[in-house]
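In what follows, subunit A forms one complex with subunit B and a second complex with subunit C.
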Partner chain A sequence: MKFADRIQKVDRRIIYVILLLAVVLPLVFRLGFKTYTTTPVEDLYRHIDAAAGRDDMSILMDFTHDPGVLPELYPMDLAILRHCFERNIKVFTISFLPQGAAIIQMALSEVKEDYPNIEANVDYCNFGFKPWSLKLPIMLGMGDDIAEAVETNSEGLKLENLPIMQNMKNYDNIQVVVEISGSSMGQFWVTYARAKFGVDVAVGLTAVMAADVYPFLQTGQFIGSLGGLKGAAEYEQLVDIFAMNGEEFSKKKARNMSWVEAQYKELPELAQLYKYSKARIGMDAQAIVHVLIIIFIILGNIGYFLDKREQKKNM
Partner chain B sequence: MKRQIPLMIVLILGLLFVAHVFIPNKLSSDYLDWFMKWMKVIGPFAIVLGVFSLVYVHYNKIKRKAPTWGYSIVTLTALVVTTAVGFIWGIQEGTPYMWIFKNFNVPLGATMFSLLAFYIASAAYKAFRARSIEATVLLVAAIIVMLGRVSIGQAITHWIPDITEWILNVPNLAAKRGIALGVGLGMTATSLKIMLGIERSYLGGKD
Partner chain C sequence: MTETIGIWIAAFLTLCMFSFLYKDNPFYKFAEHLFVGVSMGYYIPYTYYNAFIPYAYEPLFLKKEYILIIPFIIGFLYWFRFSSKYSWVSRYPIAFSMGMVGMGVPMNMHANVLVQMRTMMLPLNSINIILIFVGTISILLYFFFSKAHKGVYGKFTSIGVWFMMVGFGASFGYTVMARISLLIGRIQFLLGDWLGLIK
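What follows is the complex of A and B.
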């Protein structure tokens, strides 16, 4: 068999094994590639951080994703919650998918175990699962009265009686709605909540959807976005270098890699836990896989052009 | 009458909603509040309908011993067991419901999604060819964006992430906005057709 043919007809299983190694090895032996932050992620961080220490401001996290996209989106869930708990930012969580509600439970309990002083219904409130068909009524109703629209939290307690709701009335008390989504891309929130009540919206999405948000970012309909594992890795880093070290956000500092590296050296033990570095470790594997796929594309094309030249010669 | 009544409902409600958006006053906001209360009542019935439909389809499949009927048993068992443990012990952290979620749902879902990486790698090798100028442009853009989205791109040169941002912010944005405008206009046209009774396929059956 000629070289061109051999390249063209590589057994799929060989490709799969190489890919498997490219994914697994960087996860086992950490390569420690640097993380460079981008504007949409920095904007979201800064926006959320502006609610730090306020009793009358909160963020609302809408978990519109299921376990299929957890590897990409779960680190975002953890990073945002950790940011909020670390900086004393009130959080509401809601999901219009049954599986999303279970993910909220998982994420809250995972982060909460490192913050024993954080109390349910005082520092955060989980609205739990609400049927998809109620998304529109709840979304519009929250513009007038959150407690009336949502009614109860995940434990069935009336919202109006909860301490966290004392200074929370409507979207005026929501700094930003962050939809972490594997499919819907926050458009409901933009179409109804933002257009009608002016609430700021941001999204966390899988990498394949990340390109879709750019028109909304340009118009300001999304104030920020986290695109795939890279977005999660960037957010993890911002939480580490600013929130965990008690630093105020500065774009200049976030982009100064020598300053970033210095901050890493002073990280508290809590920030060094594996669960809070998942996205950055995953990005090592993703970087290798991207390079591998590029090599695959180049090799495949070399085979294609050699084959084409052979065919021309034989004609 | 079987046709006229639903068409009238759609027309009247459609016009009322358009009026609500374009004529903001107390009457229209009261109308929305009233409608939202109805939606809260009607909405949960969709869940009942969905569960009934799921049970009906899979029960019949098992009864007829249709191809892959074994999977229907798994589906129905999962439905019954998950619902039962949810009702009995609740759905909070530490309950059997969460155990099922963490040990079945999460790994199964993640596995299915992870398989995509293998298909993409195989497709990239076997099918992503520079057969034409358009395909070559796509291929070059893909390579730049793939490098620009990981730290290796920045390590090679800062131009790669910069070009990646430009690709996403200019050609990508223009194309996405064009598609969004097209979809928006299409949705408006279809909505008008439904409201005016020109498009009736949602009613089912023959005209």
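What follows is the complex of A and C.
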């Protein structure tokens, strides 16, 4: 069999094995590729960070995703929560999907175990699961009164009686709504909450949807976005180099790789935990696989054109 | 102990799913059917206890908020879908839902059309805005089929094709990244949580 035929007829299982090795090896033997941050991620970080230390400002995280997309979105959940707990930013969490409510619990307990001083209903409040059919009434109601629209937290306690709600009334007290979504791309929040009340909206999305967000970023309808594992890795890095080291955000510093590397040398032990760098480690494997796929595409095309030339010769 | 059992079950089911890459087999079928069953099994009681009980049963029957009878009845009409004779009754709640969609039309127009169009009406003072302008116009003209795509007009619309190809390429690249990310997540679970090779 000729070379052209051979590369056209490679058994798919061989490709799977090569792909598996390309994923496993970088995860076991860490390569430590650099992560370059991008504007949409930096904008979201800066926006959330602006609420640091304020009792009258919070962020709202809407967990619109199920376990099927956890590898991409869960590192975002952890990174944003860690940012908030580290910088004393009030957080509300909500999910309109039953599976999302369980993910909120998992993410909160995972980050909270490293922040023993953070208290439920004081520093953060989990609104829990609310039925999808109530999304619109709750979203619109929050424009007038959050406590009245949401009513209770995940434990069934009335919001109006909770300490965190003392200075929180409506969207004026929400710095940004971040929808971490496996499918809906924050459209509800943009269409209703932003259009009617002017609240800032950002999204964390699976990479499949990331390209669709750019028109909305350009018009400012989304103030920032995290696209897939890459977006999560960037946010992890920003939390590491700024929040964990007590540094104020600076775009210039974020893009200065020698400064970034120096920050990593001084990183507290807490920030070095595997769970807080899963996305960045995953991106090592991602980079190798991308190179591999490019090689496969080139080889496939070489095979195709050689085959075509052979056919022309034989005609 | 329960966590360890959970990790072993998850690892076994992950390997069952991956076995499909070799070829279809009973392990894959078992895991696939189990997934569908567990998803539904989780969803139904969770919705019952977290949606029906707190938002319908408790306010209506325990707190005596009788105004809720109206939406309760409207919602109940959906069940007529299961009767071949009275299925027409279920059209009423559907009509009600459609009315809700109508409420969103002005806001949808604002967010998805008007604000988005605004960027097309900016002064062409940067390369990005010029690119967006040329891309949008050429793609719109490409989908205008009342004029033959020939001559200068045809050449201009072919620029639209190039813009679309770049867009499809970006989407495909992101899709590859998404799928590989899912694989990475599973491998991280197998190597980390299950085998303890990465910490």
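The rule we apply is simple: the second predicted complex is superposed on the first by the 315 of 315 C-alpha atoms of A that agree within 3 Å, B and C clash if a C-alpha of one lies under 4 Å from a C-alpha of the other, contacts with A are read in each partner's own complex, and residues count from 1 in each chain.
The rule is short, and it goes like this: contacts are C-beta pairs under 8 Å (C-beta built on N, C-alpha and C of every residue); 3 or more make two chains touch, one makes a residue touch a chain.
Because the structure is a prediction, the values reported are computed rather than measured.
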Touched partner set for A:Pro163, first subunit B, second subunit C, both or neither = neither
Considering only the touch criterion stated at the top, classify A:Ala207 as touching first (subunit B), second (subunit C), both, or neither.
-> both
Could you look at A:Val289 and tell me whether it touches subunit B, subunit C, both or neither (first, second, both, neither)?
-> both
Taking the superposition as given, does A:Phe33 touch the first partner, subunit B, the second, subunit C, both, or neither?
-> first
Contacts of A:Ser109 with subunit B and subunit C, given as first, second, both or neither = first
Tell me which partner A:Gly198 touches in the superposition: subunit B (first), subunit C (second), both or neither.
-> neither
Who does A:Tyr304 touch here: subunit B (first), subunit C (second), both, or neither?
-> first
Partner chain in contact with A:Tyr274 - subunit B first, subunit C second, else both or neither = second
What residues on subunit A does subunit C touch that subunit B touches too?
-> 16, 19, 23, 69-71, 99, 101, 131, 133-134, 136, 207, 211-212, 215, 218, 228, 230, 286, 289-290, 293
Residues of subunit C defined as touching subunit A within the complex | 21-22, 42-43, 46-47, 50-51, 55, 100, 104, 107-108, 110-112, 115-116, 118-119, 132, 167, 170-171, 174-178, 180-188, 191-192, 197-199
The subunit A residues in contact with subunit B across the complex are 10, 12, 15-16, 19, 23, 33-36, 38, 66-71, 99, 101-102, 105-106, 108-109, 131-134, 136-137, 140-141, 154-155, 207, 211-212, 214-215, 218, 228, 230, 283, 286-287, 289-294, 296-297, 299-301, 304
What residues on subunit B touch subunit A, complex-wise?
-> 32, 36-37, 39-40, 42-44, 46-47, 91-93, 97-98, 101-102, 105-110, 112-114, 117-118, 120-122, 124-130, 139, 142-143, 146-147, 149-152, 154-155, 161, 165, 168-169, 172-173, 176-177, 180
Per the touch rule above, subunit A residues touching subunit C in the complex are 13, 16, 19-20, 23-24, 27-28, 69-72, 98-99, 101, 128-129, 131, 133-134, 136, 187, 190-192, 194-196, 206-212, 215-216, 218-219, 221, 227-230, 274, 278, 281-282, 285-286, 289-290, 293
